[in-house]
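Across the two complexes that follow, chain A remains constant while its partner is chain B and subsequently chain C.
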Partner chain A sequence: MDKTTSILKLKEIQASTNACVTIIENDEKTHEGLLSNIPVALKDNVITKGILTTGGSKLLSNYIPPYSATIVHKIKQAGGVIVAKTSLDELGMGGTGTASFNGIVRNPHDLTRQAGGSSSGSAVVVAAKAVDYAIGSDTGDSVRKPASFVGVVGTKPTYGRISRYGIIPYASSLDHVGYFTSNVTQAALMCDVLSGVDPLDQTTLPVCPTNTLETLNDNVSGKVFGIFEDVVNAVNDEETLKNFEAVCNALVKKGAILKSISMDEDLLRACLPTYYIIANCEATANHSNLTGVNFGLTQDGEDVEDIMTKTRTVGFGPLIRKRFVIGSYGLKDENQEKLFRQAQKVRRVVVDEFTKMLNECDGLIAPATSSCAPLLEGANTNVLSNTHLIAENYMVISNFSGTPSITIPSLPVKGLPNGINITCKVEDEATMFKLALAVESCVKELL
Partner chain B sequence: MDKATILALATELNFSLSEEEVNNIHIEFESLINLLGLLEKIDTTHVEPMVYPFEMPLTQMREDKVDHEITQAEALMNAHVQKEGYVLVPKVVK
Partner chain C sequence: MKRDVVIGIEIHCELKTESKMFSGSKNTINDIPNIHVNEIDLGHPGVLPTLNQKAVELALRACVLTHCKIDPLLKFDRKNYYYSDLPKGFQITQQFHPVGKDGYLDIVVEGETKHVRLDRIHMEEDTAKQYHIDEHTFIDYNRAGVPLIEIVSKPDMSSALEAKEYVSTLRNLLIFADVTDGKMEEGSMRCDINISLKEAGSDAFGTKVEIKNLNSLNNIDKAIEAEIKRQNDLLDSGEVVLMQTRRYDENLKTTVAMRSKESAVDYRYFPEPNIRPILLDASFIEHVSKNLPWTPSQWFDYLTNLGANDIEANILINNKTLLDFGARVLKDVKDSRLGLNWIISELNSYMNTLGEKLFETLSAHDFALFLNLISDKVISGKQAKDVLKWMIESGKNAQTLVEEHDLKVVSDDTSLLGWIDEAIKENPQSVVDFKQGKDRAVGFIVGQVMKKSKGQADPAQCNALVRQRFLEQ
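Right after this comes the complex of A and B.
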């Protein structure tokens, strides 16, 4: 796809989906490489020099950064052309695409349904075939869940595989750069482009960039797919289960071995509250720099304190303010041990168990979400049900553990997209893409 | 969490909340308590908190060198009010 076609399509879908904050028409190819002349969209929490970067927040709705994120340089060095900054739930917080300062992002397959979040716009522009590559970020499942809801490939490589320098943070111990592509082969290519140690991000892995594309194939003969049994059991949509079974049977025909693997149910049910506490506590601290004094949508005030209070009141949406209050509550001296430290300890217990599960197979596989995308209005959730706590939110475990994880489109549910997720061992993106390619191939055969 | 605590936390966080927001947070917190109860069920005796996915030694030591400079104008370009190379805020000492 060329830049002109991409921009025309982005403009065409904007009115119906609200996928973009900014459409960029003046970027040109500067280098030759794996992405030569290929249009790429960036989630609007990726800092771009001289280009509006809002983080989905009204507070940053006038922010023009003086520098670019490392991944922007990598995309440019690979020949890519930046064509859009995409909508997101404010500061990456939210899983629905309904919490951005610039309005709701809609699912292009059914405009009455959620696109998922927080990387809503990036998911949508790939689903609408306006680009083949769009950057997102994934703190809980913010790439892999929207990928399932809009029917594209969503990848979150190993923690530290891709530099986060110049990405507006949410929760530093959970934040990953991820991305959306139209297929698994493109996902492998993008990993090779973006990965690598960055002196500007001390959390990047001190290893060479990946080279997954060169050896990519879908030969899964003898490979062990661990069926994440508890997740499957928590799905109550018959069509999702039937589709998942059909794909698993097709994998067996390709020579794969299926193995049922489980985790303690209480531990799985504790994952979402663990995430909620850790993420909100870290976010509260991370965003204390958004004061309006040096940058942002500054409000006039009588003194610096007053400027900060007025700016943060006007600039943050209600969801963010609520999350900061909860994060701050978790960090209070009297609650820190019971909530924040307990959540960090539960995280370790979960990761230890998850590592054992991964050691029993080449990759864990399960439905990415329990069904197709929920409706924007009237969606009803029982927050203590296993469907919500496990089937809808188990992918957060890969953020706890830093393990590479990918969502691939499966067979449709109610005529709408629905994904399958695969998670592999730390730094083993090569196996992850191989298993994902086999799933992609099975789905194509079954369609 | 009572409404006074919610308001006190908001003040510490440097933002205001409307009465409706305070009520909403208060109501939501009641259901959040049930969710947080799931954390208490996990036995974490002798478990150390996990603060990052991998506990690896920091090996990327490097020399300090200037390689990412922005100009004063760039540093100030997003400031609401600036004067003579500084961000201008109301007088602290009057």
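Right after this comes the complex of A and C.
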């Protein structure tokens, strides 16, 4: 796909989907490489020097950064052309695509439905075939869930595989750079482009960039797929289950071995609340720089404190303010032990259990979401059900553990996209792409 | 009532690194405001910290010098608060796992050794510097992110004198170890003093008052004396000491309340997620502790071995710039006693008038070669004073100047006796004077010879020859 076609398509879908914050028409190829002349979209929390970067927040709606994220340099060095900054839930918080300062993002397959979030716009531009590559970020499942809802491949490599320098954070210990592609081969290519140690991010893995594309194949003969049994049990949608079974059977025909693996149910149900505490606590500190003193939509005030208070009151949406209150509460001296520290302990226990599960197989597989994308209006969620706590949100475990995780489009549910997720051991992206490629070819055969 | 004074001290010390604690910006506070600043120092969205290895090394030096137990697993934490001098909205510090713990420092007060225990040494980053002018506030981010260590003592001191000696001893140790430049007036070393009074001999502590940001050794002394008096007066009149943060007002000569400490701030400390815990190699720690620059007492021994007396050695130890320069000079001179004389007298007085500008034109190497010209008797001491003046004025080396000014020392007997005989002939009275026991006649003739030789005659040699001639007459 060339830049002109990409920009035309981006403009065409903007009115219906609201996928972009900024469409960039003047970027040119500067280097030759794996992405030569290929258009790439960036989630609008990726810092771009001289180009508006809002993080989906009104507070940053005038923010032109003085530097670029490490991954922007990597994309440019690989020959890529930046064509858009895409919509996101404010500061990456929210999973629906409805919490951005610039309005709701809609699912291109059905405009009455969510695209998922928080990397909503990046998911949509790949689904609408405006680009083949779009960068997102994934703190809970912010790439892998929208990928499932719009029917594209959504990848989140190992924590530390891709530099986070220049990504507006949500929760540092859970944040990953992820991305959307049209297929698994492109996903492997993008991992090779973006990965590598970064002296500006001390949490990057001290290893060379991956080289997954060269050896990529879908030979899964003898490979053990661990069926994440608790997730499958928590799915109510018959069509989702039927599709999942069909794909699993097709994998067996390719020589794969299926093995049922499960985790303690109470522990699984604790994952989402644990996530909320850790994420909100880290987020409240991470965003303490957004005061209007140096940058952002500064409001006038009597003194510095007044300027900060007014800037933050005007600049943040209601969901963000609620999360900051929860985060501050969780970090307070008298609460920290029983909330934040306790959540970190639970996270550790979950990760230990999850590691044991991964040691029993080559990769864990399960439906990425329990069904197709929910309606924007009238969606009714029982937040204490296993469907919500487990089937809809189990993918957060990979943010706890930093394990590489990928969502691949499965067979449609109600005629709409729905994905399958595969998670592998830390640093084993090569196996993850292999298993994902096999799933991709099984789905193709079944369609 | 007799009361005991209890004093504990917290010292913030800026580290002498090239770059900042967590960013590549230059670490310097004396420059045009806001030029050593990048997106990290300004707390822009998306930035991440990168730990400065040199800062870790300097913090380790401080730990070794103060006998602290070093925690080889480095961990950092966030201290959260909103203020305009803190662009990220949090400060990265080491709340839960300080790099050093449970050390001590022995100080000497009035001839007695006093053992002061240290609670901890931790690393953190400095805030931006704020200037309040009229109703405006100006922020200089050059200081934002400058590496700091905080050294916290136990409440082991009991007088202003001890407190002052503790700060002074620690400051000298750290300056000599190149950990900090220790310039208290410029804020690169800042002291907070915790002070309380209790009934003499009692175990129960009184209410603690913190005096913030003392910026000289003298002010530490004065502030503590004033605060002891204030607390004593309050307690004598039956009033209570409030838990407060105070500052020392130099004009009022007393401490003034800044804020009440009753409403303690909750900084919501939690582990910094963007810096993974770093396990320091045992060999790295060993390398640092085995390669410390000399301490003041090591310098004292070195200088006295070279022939300096105690006073001379202390003059140099209290002037680190002169000592560093002098040390380089002394390595190259043939006569170290001569070297010490010139460093302590001439060079010291030039430094008093010119400051560090002196070293812009004068290098240690040139100065050593200059001294060797004196000890080789190429130039006389009198000529040398002129040569040094010219060296400092022009930046030229001594050899060049000796040639330009055609300077030399004439010490061969034939030339000298020629001048001497001429001078005696012109001044016959001198012989009479000498014979009458007036020794100044020798000096007079030597002076005449110096004139005749345009300062080139070797005075010592000349002196001996004049004496010999007088005796022969």
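The rule is simple: the second predicted complex is superposed on the first by the 447 of 447 C-alpha atoms of A that agree within 3 Å, B and C clash if a C-alpha of one lies under 4 Å from a C-alpha of the other, contacts with A are read in each partner's own complex, and residues count from 1 in each chain.
Operating definition for what follows: a contact is a pair of C-beta atoms (placed from the backbone, for glycine too) under 8 Å apart; a residue touches a chain by one contact, two chains touch by 3 or more.
This is a predicted model, so every value here is computed, not measured.
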Touching partner for A:Ile168 - first (chain B), second (chain C), both, neither: second
Which of chain B and chain C A:Thr274 touches, first, second, both or neither: first
First, second, both or neither for A:Leu319, with chain B first and chain C second: neither
First, second, both or neither for A:Tyr63, with chain B first and chain C second: both
A:Gln336 touches, of chain B and chain C: first, second, both or neither? second
Touching partner for A:Met357 - first (chain B), second (chain C), both, neither: neither
Chain A residues touched - chain C or chain B, whichever exceeds: B
Chain B versus chain C as contact partner of A:Leu52, first or second or both or neither: neither
Contacts of A:Val349 with chain B and chain C, given as first, second, both or neither: first
Touched partner set for A:Gly402, first chain B, second chain C, both or neither: first
Those residues of chain A which chain B touches in one complex and chain C touches in the other: 63, 66-67, 173, 199-200, 202-203, 284, 291, 293-295, 304-305, 308, 328, 332
List of chain A residues in touch with chain B within their complex: 62-64, 66-67, 159-160, 173, 197, 199-200, 202-204, 206, 266-267, 269-270, 272-274, 276-277, 284, 291-296, 298, 301-309, 312-313, 316, 318, 321-322, 324-326, 328-329, 332, 338-339, 341-349, 351, 383-384, 389, 399-402, 426
Chain C partner contacts - residues on chain A that touch it in the complex: 45, 47, 53, 55, 60, 63, 65-67, 69, 164-169, 171-173, 199-203, 281-282, 284-285, 287-291, 293-295, 304-305, 308, 328, 331-333, 336, 340
Complex interface listing, chain C residues touching chain A: 38-39, 42-51, 78, 80, 82-84, 87-90, 137, 266, 268, 270, 273-276
Residues on chain B engaged by chain A in the complex (per definition of touch): 1, 5-6, 9-10, 12-17, 21, 24-25, 28-29, 31-32, 34-36, 38-42, 44, 47-54, 58-60, 62, 68, 70, 74-75, 77-81, 87, 89-90, 92
